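Naming follows writing order (A, B, C and D), and every chain is counted from residue 1.
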Amino acid sequence: MIDLSVDIKGLKLKNPVIAASGTFGFGREFKEYTNLDMIGGISVKGLTLEERQGNKPPRIAETPAGILNSVGLQNPGVKAFVKNEIPFLRKHDTKIIANIAGNTIEDYCKMAEILSDSDIDGIELNVSCPNVKKGCVAFGNTVAGISDITKKVRSFCKKPLIVKLTPNVTDIKEVAMAAESEGADAISLINTILGMAIDIHRRKPILANNMGGLSGPAVKPVAVRMVYEVSKSVSIPVIGMGGISNGDDAIEFMLAGASAVMVGTANFINPSACVDTAEGIKNYMKMHGFNNVYDLIGSLELN
Amino acid sequence: MSKVLKEKVERVEKLAESIYKMTIKSEYITQKAVPGQFVNVKCSEGINALLRRPISICNVDVKNETLDIVFQIKGIGTEYLSQKRIGSQVDLIAPLGKPFDTSDNYKNIAVVGGGIGVFPLLYLLNKMNTAKKSTFLGFRNSNYAVLQDEFKEASDKLFISTDDGSEGYKGLITDILEKELESIKYDIIYTCGPTPMIKKVVDIAKKNNIKCQVSLEQRMGCGIGACLVCACKTGNNENWKYSHVCKDGPVFWSSEVIFDD
Amino acid sequence: MIDLSVDIKGLKLKNPVIAASGTFGFGREFKEYTNLDMIGGISVKGLTLEERQGNKPPRIAETPAGILNSVGLQNPGVKAFVKNEIPFLRKHDTKIIANIAGNTIEDYCKMAEILSDSDIDGIELNVSCPNVKKGCVAFGNTVAGISDITKKVRSFCKKPLIVKLTPNVTDIKEVAMAAESEGADAISLINTILGMAIDIHRRKPILANNMGGLSGPAVKPVAVRMVYEVSKSVSIPVIGMGGISNGDDAIEFMLAGASAVMVGTANFINPSACVDTAEGIKNYMKMHGFNNVYDLIGSLELN
Amino acid sequence: MSKVLKEKVERVEKLAESIYKMTIKSEYITQKAVPGQFVNVKCSEGINALLRRPISICNVDVKNETLDIVFQIKGIGTEYLSQKRIGSQVDLIAPLGKPFDTSDNYKNIAVVGGGIGVFPLLYLLNKMNTAKKSTFLGFRNSNYAVLQDEFKEASDKLFISTDDGSEGYKGLITDILEKELESIKYDIIYTCGPTPMIKKVVDIAKKNNIKCQVSLEQRMGCGIGACLVCACKTGNNENWKYSHVCKDGPVFWSSEVIFDD
């Protein structure tokens, strides 16, 4: 029997694959296409304290092996989420992770408080969204910012607390260590890399917001490197993501030190990418004689 | 219910410079689809043209279990799609989106299309069997004026215009629509095409107090309502929100949509 | 007549396309495949004061729409370059840019001194190579580091001085401004993004050096964004690169503010990529009615 | 002189599970190539399998102006290459690399190949017309033991071994080489294959005081000596440097190469 289950500081996943925030809606959008009960967890669309409409369209541009997005956190607000979305998700055998973003630290704290009393399994702090003018981006790219927000939210958060890091920094290790020392239960990374694509015939950026966040296969080598660096620097679990489309991609992250992975952009192309990825991890373990996923995690040998 | 399907390419036909018709065998789609819906198609294997591309269903042949999509080459996705071989598989999610209102109550309809916006309208016309149908199609020039026989067949009256007069009337197709409206009253106008044309049609419908449905385009990620990238403003100026073309549309009532983005 | 020529503070290029350092050898390797006289300039393989053998192989890994490399600056040393390579290059109607990297600031200064007396047209400071253990990476990712090295090298450098920036920083603008204020004549960017790729069956990194630098189409949106940010922050010319394969790609960078571009990885796939890119720029200008390339540079309008 | 060429695929044949032979029409390559050289081929359009892949020239038919390459599917590049259609174009830079020394002075030669390393040796054997040729080929199992008729035809003596004995001898092909060397003295040994095998052959050649040429593999970027990624150590331990497989090789004298990376 191959055991795929992992325990992220109390967030117990039956397999290490989580749908990445913003790419899987609130789960229900994928019900027609895949079996939600076979996904370890779902990190829902980034939530804010109040409903948000997000940025002007176009909000997406395709780039080589990647996409830029500038959704700008369109969401119904944390209360509507608790009321309308948790009941649906709870019917499925998968863990619910609430991804939250705020304009102020107080926003984050209030959301953590509300969500701590709701029926979810973990909270993911999005301190790194590049698509909103003021607010969260400022917290994510300095040690001081990340320390401050982690510490304050920690005191309101009674659920496993995952801090999601932005890759747009000089040294990802120091940011991760700051989150760890202020009480994060886990680190997830990477969020999107800031980028821009230009319509050369209109001579304007393709995105109405001008810049957006890069995700998809293109970013995978950067993400694997950062996951490796972070998992060597902290002792809390690391959740890796960035360009994962299948089991083989996921294995790269897990060898590099990720205890779990998130699948994002790939869901757009293959709506059962999460389930396929979990299946692929299992097949790899079978092929290489692993019975327990923990034997795999971090087992990379350097040259 | 839509599904991820791997279906067989039956035919690829070049209709004009850069415009292709692809016939796809699909029992599922031909049974489920209704006019206004689209397919979201992976144009190339692997990471070339990474995202799926939305293409309207242009026609459905229920008996033969085939559907047609017609597309113009705009970039790499449609380029790869045009190169698909007969007999090869095509990976699509379909049918998607909210359809046109094809109620039998509409006895006299106008269908107004421009450019690549004409394609979903053919399917609509073919389905509206009991109505009297006037079709207005605008193209850049005669090279782009494809599927004329099919549109003629499907319509009671067909008007064509081109920007340069190389086919049909010279000028805007909305001018012809306005002229027709002097003598006829339609129960509904359906429109799809470039935004300036749609806006004009919506204005005309409003002025004439005619119901109007528009089919919109927006760049998409997932096509299934999850990623929220395909936003379009709906509601009214005091109380608007971003709806989503893939799930709430592509067909909207003209009264719902705010065209200021 | 379409005028493609640009003047990068005294470095006069007949067209804005330069072969990127490390991807074009010393030019002679491409003579069989393309017309060197039709390339604006050639930035030669990164030079060090003494000959270097570089890193162990494998030194390359393919990733989605990109490559990782860890050559580690294999080169014959600056003196051998002056003696053996300049005479060949000088026979061609193209500008010679010497790309230099050192372990210490003194190394850079010595090389700048030697090269200032040689028959080259410009010096590009590689302060950002991620593939060598000690040395240049340290200078590139802090304002203090870049200020210091630019200032010191400037005093030895009698040729147009281009400072090449690493993208592995939180804020590329402040690094660029530091280089400008210490006397750089131009900024080039981006060097490669640090990444890692893993052979999941051997459970080791593919590169013998474990990590390497990402280049190729995958990085283009990140590069375009950084070129835009930098060209809005400095008033010296910016040379853009990162994933350029053809004229359309180059136009994105030029609209974003690049006065010239460099073509790197694309040379491996298409040995006449530089010439094709120059040709493509010209065709775009023709199609859109530009007679002078300066009308194009930085003409992006934001949404 | 090598060139960037767009040539026509004449035939694609599956020789075994995951091993394909592709026949390509090319006047240029058939005129210029010599044994040991390789082609650097773009396996897929666009950014799927971005880099070119190096594949040895396995045979040349000067009269028909065709060459064969034989390759095993290892990853996406070779996968796409195997799907090329007959009549389609293939983009390659060729011929590349330093060839084998095929001097007429070598009257009695041994050719030792393992796995996918056997392919360039067939071309070598076919060119060495005046020598007496002993060929030693090692494979994992009989499924991989392709081109046996061709090798038999091209050799005076042919030895085959497999790891599991499913074809020919069971065991290492170098064991057979050593046994043969008890009674025969070769003028030169040529070898290509997995590094452990090559090392063994080099040791055997040294012990028996026989000249030896090895053909090496390394991951490549440009294939033309510019990017310096395809390094291999040459010289001696006191005075070594990194040479480059694509330009200084792939064929080296065994005495030049240091196998410690």
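Methods note: a contact is a pair of C-beta atoms (placed from the backbone, for glycine too) under 8 Å apart; a residue touches a chain by one contact, two chains touch by 3 or more.
Just so we're clear, the structure is a prediction, and the values are computed from it rather than from any experiment.
Each chain gets a centre from the mean of its Cα atoms; for subunit A and subunit D, those two points are 46 Å apart. In terms of their C-alpha centroids, the spacing between subunit A and subunit C amounts to 34 Å. With centres set at the average Cα position, the gap from subunit B to subunit D is 55 Å.
Counting partner chains per residue, subunit A has residues 56, 61, 64-66, 208, 216-217 touching two or more of them. Shared interface positions of subunit B, defined as residues touching 2 or more other chains, are 47. Viewed as a contact network, the protein chains form a single closed ring in which every chain touches exactly two others. Interface note: chains touch in the pairs A-B, A-C, B-D, C-D. Within the complex formed with subunit A, the subunit B residues making contact are 1-4, 42, 47, 49-52, 93, 218-232, 240-242, 247, 261. In the complex of the two chains, the subunit D residues touching subunit B come out as 44-48, 76.
Interface residues of subunit A, counted against subunit B in their complex, comprise 22-25, 29-30, 32-33, 45, 53-62, 64-67, 69, 71, 74, 206, 208, 216-217, 265, 267-272.
For subunit C in complex with subunit A, the touching residues are 56, 61, 63-66, 68, 141-142, 168-170, 193-198, 200-201, 203-205, 207-211, 214, 216-222, 224-225, 228, 243, 248, 251-252, 255-256, 284, 288, 299-303.
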